[in-house]
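Look for chain A in each of the two complexes below; its partner is chain B in the first and chain C in the second.
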Partner chain A sequence: MDIEKFISELADQYDDIDTSGFTSETLFKENEEWSSMTALSIIAMVDDSYSVRLTGDDIRKSQTIQDIYNIVFSKSTV
Partner chain B sequence: MQAFIKAVSYYLPQKELNNSELSALFPEWGVEKIAGKIGIDTRHIAAENEFASDMAIAAAKKLFKEHDTAPTDIDFILYCTQSPDYFLPSAACIIQDKLNIPVKAGALDFNLGCSGYVYGLGLAKGLIVAGIAKNILLLTADTYSKFINAKDKGNRTIFGDAASATLISTDGFAYIGEFELGTDGKGADKLIVKNGALRNPEKNVDVKKDAYGNEQSPGDLHMDGPEIFAFTSQEVPVLIDSTLIKNHLKKADVGQFILHQANKYMLEHLRKKMDIPVESFYIHMANVGNTVSSSIPIALYEAITEKPAASNEKWLLAGFGVGYSWGATIISFN
Partner chain C sequence: MRFPVYKYGLFFRLVEETDAAFILDLRTNKNLARHLTSTDDDLQKQVEWIREYKTREKSQKEYYFLFEDENHQPSGVVRLYDINDDTYTSGSWLAKPGSDEFLSIKSDLFISDFAAEELKGKKCVFDVRKKNKKVLRYHKMFSTVIGEDDLNYYFTIDEENALRKYNFLKSII
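The block that comes next holds the complex of A and B.
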């Protein structure tokens, strides 16, 4: 897994805010666009791209993009 | 003895809540964008003095009228709801009386949500195959709107109220095939109205914001949308594959897949994941929203009208959600 690719895939789930400054340390829930719809889109993206089942709790306990990346990585078989 | 679907009708309450009204109520929230993604323009909301059994009765009356059936033909009522009139008696008993269905009929309520219609078909088939009943009126009705906090923008955007009526009989237009069912109560707290019944009777306790900023009290409907999405993405493809195997079919043999109309975003994700062509995957929710146990019969009614099935065509019906509970079957047209 490549974190830069993951950051850009995660950033694609946002439509309204400027995500060009997203890094692994970005607090991805701390912005005005964040909603359950964004969470759902991230779960869908991870399912599509990594065949990993991310849970609502995984999202809840993650703060930075690195946090969520680590969970996906630990669950990934590739 | 075989069981068939003989007739389907549905009822929507008159009052509507459209996206511009939601937008006026929650100006800071991008209703149009979210509603666009989940594919809902408007939803119907039961009036203050209109309850689920009233809507079920209205759906049954429509069925009798549209399909030239008399209440005296009915010998069993199965009523699926999570919005009961009373703790007791079963609303199905009240429905029997109000519809003038013979006193010789059996009647019971069962409590399921998005999987309820498929379970109802399964129960009805069982009653017919066992020789217990011959003409079963399967009713579904829910008024989730009465459980949703007025300030809960997310759930108000998704759910709509509705009722449906289906006649299951020893003959009809589509034979009811084999079932796959499933249950995982570990998901119970992911879609729940926690307070107001016996275990937690106190209804109006502290309103709090959930993880996504929706205001709810434990007496209101709570849904962890992302978690339910995760469950669905994993379980529904397995459910559909096993239902096909049990009915000796391949994906390509199915004319229409009619899944519980949860939201368009979720349905599209499932469709792509299962590699089902768009023309075989029926979606009808823009003017009704997620109507829980009535979503499959509403979509089925509209699909039959819009894309009449060829002789011997097979359709797959699949429901999944609150419980967690899920189920699927195949209906095979004459």
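The block that comes next holds the complex of A and C.
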């Protein structure tokens, strides 16, 4: 897995805010666009791209993009 | 189905006239309701709308649900409408700002449970505004586009995909 690619894929789930400054340390829930639909978009993207099923708890306990990347990495069999 | 129903950590019940102020707050919140039909900021009109809705509810043409958290604080609403012999529509979903991230999933699961019990054999058809990109992505995962116009895409979902969606959502919460 490649963190830069992951950041870009996660950023694609946001439609309204500027994500050009997203890094691994970005607090991905701390913005005005964050909602259940963003969470679901991220879960669907991860399911589709990495064949990993994130849960609500995975999202709840993650703060930064690195946090969520680490969870996906640990669950990934690729 | 007897109300209130406790599922997925929420209490679901049918909307009453006394919920008018809560619903009006949600529907006149520009951020929340930007993809819904606009609503006049008029409490009396909202009360009257609910009064008329209750007659549609009585004839099983429409169900407007309010969901509450564990402390019985109202969290949001969702509606099933245009119920006829073969189809029904789901929509009007709104939740209070700052609510749990997965309220939409929980309420969607409840809608599936309710439909399986009370609307057996009917197919869900619904529309999503083209500008509502995230909701579109969500529905495109499970549902089929059956039409479009300038404003909306129109979807339906068959039984097999409805089950796939239900299992996917249940695996998340």
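Here, the second predicted complex is superposed on the first by the 78 of 78 C-alpha atoms of A that agree within 3 Å, B and C clash if a C-alpha of one lies under 4 Å from a C-alpha of the other, contacts with A are read in each partner's own complex, and residues count from 1 in each chain.
Operating definition for what follows: a contact is a pair of C-beta atoms (placed from the backbone, for glycine too) under 8 Å apart; a residue touches a chain by one contact, two chains touch by 3 or more.
Please read these numbers as outputs of a predicted model, since none were measured by experiment.
By the touch criterion defined above, A:20 lies against neither chain B nor chain C after alignment on the C-alpha atoms of chain A.
When the two structures are aligned on the shared chain, A:74 is found in touch with neither chain B nor chain C. Looking at the shared chain after the overlay, A:55 reaches both chain B and chain C. Put simply, chain A uses residues 15, 34-37, 39-41, 43-44, 47, 53-56, 59-60 to touch chain B in one complex and chain C in the other.
Chain contact summary for the complex, chain A toward chain B: residues 15-16, 34-37, 39-41, 43-44, 47-48, 53-57, 59-60.
By the touch rule above, chain B contacts chain A in their complex via residues 30, 33-34, 37-38, 154, 190, 211-214, 224-230, 233-234, 265-266, 269, 272-273.
Taken in their complex, chain C has these residues touching chain A: 31, 95, 100-105, 133-135, 137-138, 141, 168, 171-173. Looking at the complex, you find that chain A touches chain C at residues 13, 15, 29, 32, 34-41, 43-44, 47, 53-56, 59-60.
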